[in-house]
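In the two assemblies presented below, subunit A is common to both, partnered first by subunit B and then by subunit C.
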Partner chain A sequence: MTDLQFKLFQDLLGILGLQGGYNTSLVLIGSALLGAVSGLVGSFSLLRKRALIADAVSHATLPGLVLGFLVAIALGFDGKSLPFLLIGSAVSGLLGVLMVQWIRDNTRLPEDSAIGTVLSSFFGLGVVLLSYVQTLKNGSQAGLEDFLLGSTASMLRSEAELIAVIALLLSILALAFRKEMALVCFDAGFAQALGWSVKRIDLIMMGLLLTVMVIGLKSVGLILVIALVIIPPVAARFWSDRLSTMLILSSLFGALSCYLGAALSALAPDIPSGATIVLTASSFFVLSLVFAPQNGVLAAALRFTAFRIRLCSDQVLSELNKGEPVPDSLTKAIGLYQLRSRGLVAPLSMEITREGHHYLASLQEEN
Partner chain B sequence: MDFSVLDIPLIDFLQIDLPALLVAVFAAIVCAIPGSFLVLRKQSLIGDAISHVVLPGIVAGFLLSGTLAAIPMTLGALGAAVISVLLIELIRVLGKIETGAAMGVVFTSMFALGVVMLEQTGSSGVHLDVEHALYGNLESTLWLGLEKWSDLWSARGWETMPLRLQQLSIALICVVAFVSVFFKELKLSTFDPLLATSLGFSARIMSFGLVIATALAAVSAFGAVGAILAIAMFICPPSAARMLTDRLSSQLWLSALYAGLSAILGYGLAAFGPLVLGTDFALNAAGMIAVVAFVLQFVTMLLAPRYGILSRRIKSEIETEKAPS
Partner chain C sequence: MSRFSDRLRNLPAFFKDCALAVSTGEKASRSTASPFAIQGMNVAYHNKAVVRDLNLELQPQRLTAVIGPNGAGKSTFIKAALGLVPKLGGRVSVFGKALDRQRHLIAYVPQRGSVDWDFPASALDVVAMGLYGRIGWIKPVRKHHLDTARHWLEEVGMAEFADRQIGQLSGGQQQRVFLARALAQNAELYIMDEPFAGVDAATERAIITTLKKLKAQGKTVLCVHHDLQTAPDYFDNAFIMRVTDIASGPIKEVFTMENLQKAYGGRLPEAELQAILSRQSGRDGIALQ
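Right, the complex of A and B next:
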């Protein structure tokens, strides 16, 4: 480790231990809360199979964001005051969702085409508006592009506080409705039969998702904010089939991703914080993909190998029975070793034991 | 009116606007052709995913080769597309997760990786820009060899053809060749993959070919319109065409027509709209093309003769009137 790397490492530890100054610490805490609530809300939208509607919503926020800016300066406020931008984004994100549903319900186009249409054309409109804003002689528009790929570095104290408070409120709401949302996710028909309004619960879920993404725009940016509501839940899904475990893990992954990602981006101010946050989330995902006990790649490979060895040892046993005793390959040698350790073949010989004959008989019955 | 389009000197139009227009039209058409198949296969979001993952592929190609040459960047993008499709499949199967969510994981992660890698290019002299990655840089295409219309047919005109236009023409030729050579196979594997496989050609290989064609289209459109707006080219024109026809060949022709029209109208509005209005602000042309593509699609969704919303309404009203009450 060079001195520079050591220095960076020390800085990182300092920032992670909330020693990086009051502002940075507040941003980290706000980000962690944001990550936790997006993991929570994202889990429900994943289970409701609506993950990619979030993609349409997030890109669709751009025109509203820029219009929010224009309205703010028209009213004489600072163009980048967060409430205006957030409300504008929320309105156009909502319009995006409604447009997706309208296309899906009224035309022959499938939902995925509707999503693609809305996300790209709303984004296009946003880009046009952005290019218009950049020719204004106002000056305060510099930094509006921060919302594309996120910037925790430029986050003000008041903004971090606002995000933290909304994130807290959203998680209380999500936890309050968790039973209703869970039932709608797993069995919408049953929920309807119980007399619940599935439509209303879906609306609550969509509202939570929209709000989470809007408050995530500043730190993660609108291109990547969708990752916040998809990657932690998918990573958590690998570890458990139980909803409560999944919710806890997903919130934890989300919180850690945002916390670590924001800390990393405080070290490297050139890199947009959205990218560092998303890559941190992806590394949690990769760990889950490889190591998760039931569904992980490693577990699957182990299961597959065990199955192969089992098949091979069965084959060796029947060959021994027919009097073709010499294992001619490594896999067969492993099979023979397995047979001996299971006590089906006598040690140090090729004799099939009594248990071995029983086992052979049971195999033949199965066939 | 103080300004008018006609006030623009011909040489400016030929050197600045014409190449940008051609690039826009070619980029839109090269995306619309594979896009038609994606829309028909209900795989539109593969276009979304691939145009995102093209970014790390391009940057990797650039970092490995050290040049902005087309071949390493295209190879990088194709590689990234193939890797992402395989990863999506792996995650979908192992995690028992719907394709959409698996896609979301893969393309956001790879895009974030691309953004971080982009920052690494800063030190090496040639800088790729994050903003250009998002919405392209259509306006920067210049064709300096053109001074009058006849230069288009002269050797000098051809020699100075912008690199981006050459690349797009090659990509367009490749995509059109792929679709015409394998038209029957693509058609069958799109509408009846099981029959296709039982007839002896694998539907899977056709899907793979389509992924490659999509990636090729995405990487060649990338410089002009960036990663996100390419999605509009993949999806809007084919969706509009889908409202008009059930025949695959007309679907393809109509998509190309819509794509070309969106590009021309969009570029025209962005470049000349402010002039006509007498103001001097600049509008992003790539963004405007996406907006126009959507407007055309929207109008088609409303007015299409058979599947349009209006004609369906009218039809159902006539039927309720006919029905005995």
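Right, the complex of A and C next:
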């Protein structure tokens, strides 16, 4: 390890341990809360099969973001004051969702086509508005493009506080309505027949999702913010078949992704924090995909192999029993090895032991 | 222009009709106490009428099968009546009152294929959903709710699978979980959409036992049933339909060649219908004419 690497490593540890100064620590805590609530809210969107609508929401926020900026300077505020930008993005994000739903309900287009059309149209409009704002002689527009890819490094203390408070409120709401949201996610028809207003519950879910995405814009950026509500829940799903466990893990993955990602970004302020956060989340996903004990790829492959070996050795045993010569093959070698180590065939011979005969009898009973 | 003035002239009469419709409708729904009554319901998908002027008055405390060929609108009329798909007009009442005030009296068993069984929930979690109406908004599911849910799982012979993820159950077991969820609602009217579709023998027995118990408790059951052969064995009444209602009443009375031909005309050969009818009459000891 060179001195420089050592220094960087030390800095990272310092930042992670909240030793990086009051401001940085606050940003990290705010980011972690944001990540946790994203994981929570994202789980329900995923289970409602609405994950992709988040993509439409996030891209649809751009025109509103820029208009929020324009309204703020028109009213004599600093153009980049977060409340204006958040309200602007929320309004245009909402408009995007409503358009997607309208197209889905009133035309024969499937939802994904509606999402694709709406998100690209809004994003195009946003880019035009953004280019116009860049030509203004105002000066405060510098940094507006931070919202495209995220920048925790440039986050103010007041911004971090605002994000943290909203994230906390959203978590409380999401937990309060988790029973209702789970019901609608699993069986909306049953919920409706029972007299629950599916419309109202969907509205709560959509409102939570929209707000999470809007407060995530500053840290993760509108291009990547969708990852925050999709990747942690998907990673968590690998570990558990229980909703409660999935929600806890998803929040944890989200919080850790944002916390670690923001810390990395503090170390290398030139890299947009959206990228570091999403890559951290992706690594959680890959780890879960491969190593999760229940639904992971590795566990599934091991189970499959074990099952095949068991089948092979059963076959070899029954052929030995019938006195048929077993042809030499890899299958036979593996099967014999298995049978001998289980004590069903005597070592260094082809004799079936007493246990082996018992096992054969139990196999025949099963069939 | 003259057509426009005609329309204007007709307006007062139109408003009068509207007022009349509202008042008589109210009266009509109060006079009948059928567990489930539908008057003049239409349902359309795009430009196609799937259900047309459908009328139904369910007899209380009976097991009634909805009988009709594929595409007759059996599931659709139930979904529309419950407000799951939009309907074009029609009045639905439950025990004489508007549906929305009576939803707590209805238990609904959707088709098994209508949900994603990969959902992260155990059999017990799903049965507990039947209690959500009683638990109410925001309040959490408590231990005694889970105990109640466990009782209903036992009732359908599924106690040992309580903690199993629902995707790892067989089709029949999934159907029994749905049944237990409906039982947990402790309703007066049970509406089931094809509960016998693609289930194993054990599940079929469990459903039949449950239906008999519900009837003994004085509950009313409406059940979409695909199989013309078994309907007379399982149910008291039949509601025969194809887009609109054809006949409704005790199976003995409504299972006639005429009614079945109206429903299945062109779909099932006459000989097959004849066989079903003669089996039916043989059971009742009535000679077929």
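Convention: the second predicted complex is superposed on the first by the 337 of 367 C-alpha atoms of A that agree within 3 Å, B and C clash if a C-alpha of one lies under 4 Å from a C-alpha of the other, contacts with A are read in each partner's own complex, and residues count from 1 in each chain.
One rule holds in what follows: a residue touches a chain if its C-beta (ideal position, glycine included) is under 8 Å from a C-beta of that chain, and two chains touch if they have at least 3 such contacts.
Because the structure is a prediction, the values reported are computed rather than measured.
Aligning the two structures on subunit A places subunit B and subunit C side by side, free of any clash. When both complexes are overlaid on chain A, the residue A:237 reaches subunit B and subunit C alike. Between subunit B and subunit C, the partner in contact with more residues of subunit A is B. In the superposition on chain A, A:195 makes contact with subunit C only, not with subunit B.
Working from the superposition on chain A, the subunit A vertex angle toward subunit B and subunit C, CA centres, sits at 90° in steps of 10. Contacts of A:246 after superposition on the shared chain: subunit C is touched, whereas subunit B is not. Of the two partner chains, neither subunit B nor subunit C is touched by A:168. Contact with subunit C, but none with subunit B, is seen for A:179 once the two complexes are overlaid on the shared chain.
Residue contacts after overlaying the shared chain place A:187 against subunit C, while subunit B stays out of touching range.
In the composite built from the two structures, the nearest CA pair linking subunit B and subunit C is 7 Å apart.
Common to the subunit B and subunit C interfaces on subunit A are residues 49, 237. On subunit A, the positions that touch subunit C within their shared complex are 47, 49, 176-177, 179-180, 182-183, 185-187, 189-190, 192-196, 237, 240-243, 245-246.
Only residues 79, 82-84, 100, 103-104, 106, 108, 110, 114-116, 119-122, 125-126, 129, 132-133, 135, 137-141, 165, 167, 181, 185, 191 of subunit C touch subunit A when the two sit together in their complex.
By the touch rule above, subunit B contacts subunit A in their complex via residues 39, 42-45, 47-48, 90-91, 94-98, 100-105, 108-109, 111-113, 115-116, 119, 122, 130-131, 134-135, 228-229, 231-232, 234-236, 238-239, 242-243, 270, 280-284, 286-291, 293-294, 297, 301, 307, 309. Contact residues on subunit A toward subunit B in their complex (touch as defined above): 46, 49, 51-52, 54-55, 59, 103, 106-110, 112-113, 115-117, 119-121, 123-128, 130-132, 135-136, 145, 148-149, 223-224, 226-227, 230-231, 233-234, 237-238, 268, 270-272, 274-276, 278-279, 281-282, 285, 289, 295-297, 300.
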